[in-house]
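Pasting a structure here, questions to come.
Chain IDs A, B, C and D follow the sequence of writing; residue 1 opens each chain.
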Amino acid sequence: MIDQLRQRARELLTTGEAACIIGYADASVPGKATPIVITRAEDADRLVFHAACCNNLAAYLTRPEIRKLGTVAMVAKPADVRAAFVLMQENQVRPDDVKFIAVDVTPAGECTLLAQRTREELLDYLVKNVPPAELADDALKDVAALEEQKDGERWHYWQQQFSRCIRCYACRQVCPLCYCSRCVADKNRPQWIETSAHGRGNLAWNITRAFHLAGRCVGCGECERACPAGIPLMKLNRKLAKDVRDSFGGHAAGYAFSGEQLFAGYSPSDPNDFFE
Amino acid sequence: MAEFEPKIAAFVCTWCTYAGADLAGTSRLQYASNVRVIKLPCTGRIDFHFIIKAFERGADAVLVSGCHPGDCHYTAGNYHARRRWTVFRKLLEFAGIEPDRVTFAWVSAAEGAKWASLVNEVTEKARKLGPFTRYQRLNEIAEGEAER
Amino acid sequence: MSRIGVFICHCGENIAATVDCPRVAREAASMPGVVHSVDYEYLCSDPGQSLIKDAIREHRLSGVVVASCSPRMHETTFRRAAAEAGLNPFRCEMANIREQCSWVHADREQATRKAVDLIRMMVHKVARNESLCPIKVPVNKTALVVGGGIAGIQAALDIANAGHRVILVEREPSIGGHMAQLSETFPTLDCSQCILTPRMVEAASHPNITLHVYSEIESLTGFIGNFEVKIRNKAKSVDLGLCTGCGACTLACPLAGRIGNEFDRGLGKRGAVYIPFPQAVPHKPVIDRAKCLRFQAAQKKGIPVQDCSVCGKCADACPIAPRKAIDFSQEDVIITEKVGAVVIATGYELYTGGRPRPGDRYAGCGEYGYDDYPDVINGMQFERLASASGPTQGRILRPSDGLEPQTVVFVKCVGSRDNAKGFTYCSKVCCMYTAKHAMLYRHKVHAGRAIVFYMDVRSPGKGFDEFVRRAIEDDDACYIRGRVSKITREGGKLLVQGADTLSGEQVEVMADMVVLATAMTARHDADELARKFRAAYDKDCWLTEAHPKLRPVESATAGVFLAGACQGPKDIPDSVAQASAAAGKVLVLFSSDELQREPLVARVNRTAPPQYSTCTGCFACKAACPAGAIEVEDITDKAGNTVKSVARVNEGVCQGCGTCVAACRSGSIELCGFTDEQVFAQIDAL
Amino acid sequence: MTLPNQTPRSTCTLGYYPGCALHGTSKEYDISVRAVAAELGQELREIEDWNCCGASAGHSTNRKLAACLSLRNLALARQQNLKTVLTPCPLCSKQLLSAAAEVAANPQVRSEAEQTIEMSFGGGVRAINYIQYCTDSLDAISSRIGEGLRGLKAACYYGCLLTRPPKVVQFDDAEHPTSMENVVRALKGEPVEFSCKTDCCGGGFTQSHPEAVLRLSRKILENAKAAGAEVIAVACPMCQVNLDMRQAAIEKRYGISLGLPIVYLSQLAGLALGIDRKKLGLGLHFVSMPERGA
């Protein structure tokens, strides 16, 4: 599999279809992988793909330095593809500037290189074979469990979690969809979100982060993985993914690369029951 | 001791709810004095930051209100707002904020009576819930830090 | 550091009775940035306003808070005052301590505390208000008038006579509208067509008026002063350029006299190619493709109509040579025009009086047998019977057998003032035209009995009540106060059963003909039309004015005005008056080359390169904007290559709702007058 | 014509709610309805364990009681998988329909009622009156009709409840209905133009104020006779009883002669379909309908 992947990468670079490849290389720490950007065909052999390749590489698509390089090919797991699709939907990357070297991991844990290359093919593949991870039943179990508790208990639970937040914004940094060049959290006129890491600022920040990803989060789980304080951020993301699905005709993020963004539109038949 | 008087922030659109509140006035309808109205052109303008900030400034409850669906002066601002809140209110609830702390309502320029009873109702709900101590504790800590 | 002045109005006792104004003034004085704080009897009075002006000058105020009535009452007053004193009007704000405080709270202490809070919030806001200057937009001095009834004609003529170009669009083949169908008009009984037709001709021949008959509005885009309208010229199948209107084709049509004529409400007949009525303007025929034998045959065969050999008698009969004026191959044409203002004068529809058709918004009055008995007709049909140019040359003959009815029952309020059957509103003109009908009938059939069932007689208006009295006293129409429960047919006559609520008796009348005074209703597609023009409409689909009293001819959309019965039931004088009023508004708009708009619009921030703006160009705002005001701006470097695409607000189009602001995650859009900082400050002061 | 995947109404099983009248004073209505259905090959399945619909005394004295009574019948129908229930008596059909509407509109009423009857009702049961039944089966009927009623002149009398209250029953034009006429036409009878088709027969006053019944019923009968009717067609037991049973009294009281048979639409349908008079209970009326020789 890895040889095919490298072969494909070589092709893309030699034919000039892509100016660079964003992929994974083995990290200095054994068993770990690290993102890598290669521009020369001969470097293709450094590319790897295995279970430890977890970063969502779509995050790099919006980096200015990558943009400069022109057409990009990315080694893309389903979540990465979905993220890239959302970026296309939100005009952050020009669809034709991104080529995919799509990979997936079979339930058996076996890494495979997908035959699908174009975004249309991949969209079809996703729709047919890859249900949204963030909406998997067992993934939603802990959400449901929390929903069943009393609001007081929920409040207490999240306060405990958020109290550990040190506002390092690693969650924001790894998220492919937190691409704003100036995050609202860094806006100080006015300062909607207090910067100091106390309960009030942390609550405001974490609510904002979660809500800004509502209907957009592709459930790659990078934020939670990156969080040094181990805050279960995906629990918030899943909750929102579920509510969005239930409220807006089964919407799931990243299953379209064009068309209207969920929260830029509306339907007269949207839920109205919570209004007096 | 005296009955707890909740502090309530209301974010309303100028064309329907604000006009409705004026009508309640011209009709001399009496209602609870706890609400502080912040007038905005349209419910579409109401950012979720407003609601959080209101709690951070000690509001015990928040009221958000505008034109009925289909009646928006700008044709669709309220629809956009409704879609955002559909999800946002659930998020607040999930974070442990009692649903009754935030009330959403459509009040037209003709519904002065509805506005009056709405304010009373929201005030009553807030009274039942009592002071928003959860949030206010966060506030005390934050302000405490600020002083240091 | 801002220097804010706070002015608290007693509004006589209105505020002072429940709010302790002097105390409020004292507390306000200690608010951050407040350098001057006073209370006064009546701030909106001249001395009150000069008090504010003097303070602005004397204390070099940078912001003003007027605590008094609702800004919806006096914001303009006080902002003007501020401006006169040299302060930017948008640095003046109002705290509503009357409608939303003193009038709704009895407890003096609570009301006073609330007043203080409301003022503090405004003080905090004003400290962050910016000087704004009105937006200037160019005005295209061409007007679009939609609807060629009397209202549309009047508006078009007024605007055209002021020297501006007018585009007049009419859906039907002729202008004239409902007024052309009427026989005589109340209360003067002068002939409707005689007074209307000269106006029709004038409008059609006016050098400043471009007339599009048999045409409909496709779309309206743009904004006040700068609209773009797409008009569909429906295919008439007749070349109006060549046609002389001789009418030979209409006589030659094999279907001539076989199709119910809309103009005569089905009482008269026409052909497939027809001129709607003798005084039609333009006096040119159209082919009704849904009925025409040739078009139907072609459709069945699935071939282009010009290749179809069926009939074609109209073309044969056409004397124009060498090219015939009949043109089967004609197609709809879409034309685009740029206009600065729009007058909607699309008028009304008349409820038939029968059962509802699919999609109708009412239950209907099946019990009156309009659908079952030919001799039950509605008011407009009676007008056609009474009209000299009508199917009976003005003789009152009942449709079933053409005999002169000896007893005619007139039923008022059919469909109107009746929530169960029709509409809640009063149709306004029925009382008058029923009196007129009874009168006309008695004038034409001297021995006849005219019986009128009424709920109330509503005849306010010049000479109106006298007119009704005349019908009752001089022409002894018999008025019975009560509803008709149902109308059935017995032995060729109509049994009208009803109640006389004055005597408390049940009444039964054997009538030869029944005339239903049915409700005026909004056009069946009024809501669709309203959406096209971004105008608002009410539950009955009447277009609604911007303010029921103070802005009666303006719609919710700037630059779009309302005239005539599209806005509610009206008689001719009211429609004409409103049309001239709308024309007046258009002329005000056209009186200057640029128009000023309140600068309360959104703006996307701009920053230094390489960022240019914190906007990341996701364009959620663009999709969210109800007005379509957001544009894509490509920022290019010196070499001219695009470095970034960001959102930009078209100030002319922006309506200032702020939906884009809340849609922007990075907080890169501001709404002038309601900026994040201003709202933040208000919340901060809670 | 019907799509292959859906069976035409006339052949699928219909629920049947006779109500008290059809099991008692008006059993000929019941008999004839069943006979016609059998002739059309239509299975009528009577709701098992049905109870009073809550009309007359019930709904005027205790709304909730009335709602519960009807709701139970509906719930039973639902349980027994009867989606459409033929309810020949308009008092019953009105009760069932208004109960269904009420619980659909008001969840609280519904939950209360469900607790009371200790059954849940998910909706999805539709009560139809006998005219609707005939209208739905028109194809089946006309395909089996030969000479039919041979131009029998009938005045179609709807009475007060078949079309009212319009919002609840949503059937035909409340004041000027025509659907029964259409059925009679299909039976090759001749509906006469008749002014009193939705007038009150005085049914409500049978006990309290018989005089009113005489006056009101007389108007209807005379009007029908004047219109040239040979019979009055009805679809309501109350109407039938009043116009038929009181006719003699009316003739006596006003010194007029009427002799107008008051027959159920089902009986006319039966005759048209050539079913034997006895099987239709035609002999059970006070004013009996004469045999019409060929």
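Quick note on the criterion: contacts are C-beta pairs under 8 Å (C-beta built on N, C-alpha and C of every residue); 3 or more make two chains touch, one makes a residue touch a chain.
This one's a predicted model, so the numbers in the text were calculated from it and none came from an experiment.
In terms of C-beta pairs in contact, B-C outnumbers the other of A-C and B-C.
With each centre defined as the average position of its C-alpha atoms, the distance from chain C to chain D rounds to 49 Å.
Our note on geometry: chain B versus chain C, Cα centroid distance of 34 Å, whole angstroms. Centre-to-centre spacing of chain A and chain D amounts to 66 Å, using the average Cα coordinate of each chain.
Multi-chain contact residues of chain A (touching two or more other chains): 184, 192, 263, 265. Across the assembly, chain C contributes residues 624, 663, 676, 680 that each touch 2 or more other chains. In chain B, the residues touching two or more other chains are 48-49, 53, 76, 80, 84.
Chain pairs that touch one another are A-B, A-C, B-C, C-D.
Contact residues of chain B toward chain A in the complex are 48-49, 52-53, 56, 69-70, 76, 79-80, 82-99, 103-106, 118, 121, 134-135, 137-139, 141-142, 145. Touching chain B in their complex are the following residues of chain C: 70-72, 96, 98-101, 103-107, 110-111, 113-114, 117-118, 121, 534, 536, 556, 600, 624, 626-627, 655-659, 661-663, 671, 674, 676, 679-680, 682-684, 686. Against chain C, in their complex, chain B makes its touches with residues 7, 9, 14, 18-19, 21-22, 24-26, 28-31, 33, 36-42, 44-50, 53-54, 57-59, 71-77, 80-81, 84, 116. Taken together, the chain D residues at the contact with chain C in this complex read 166, 173-176, 178, 193-195, 198, 223, 226-227.
By the touch criterion stated above, chain C contacts chain D in their complex at residues 355, 363-369, 372, 485-486, 488-490, 495, 497.
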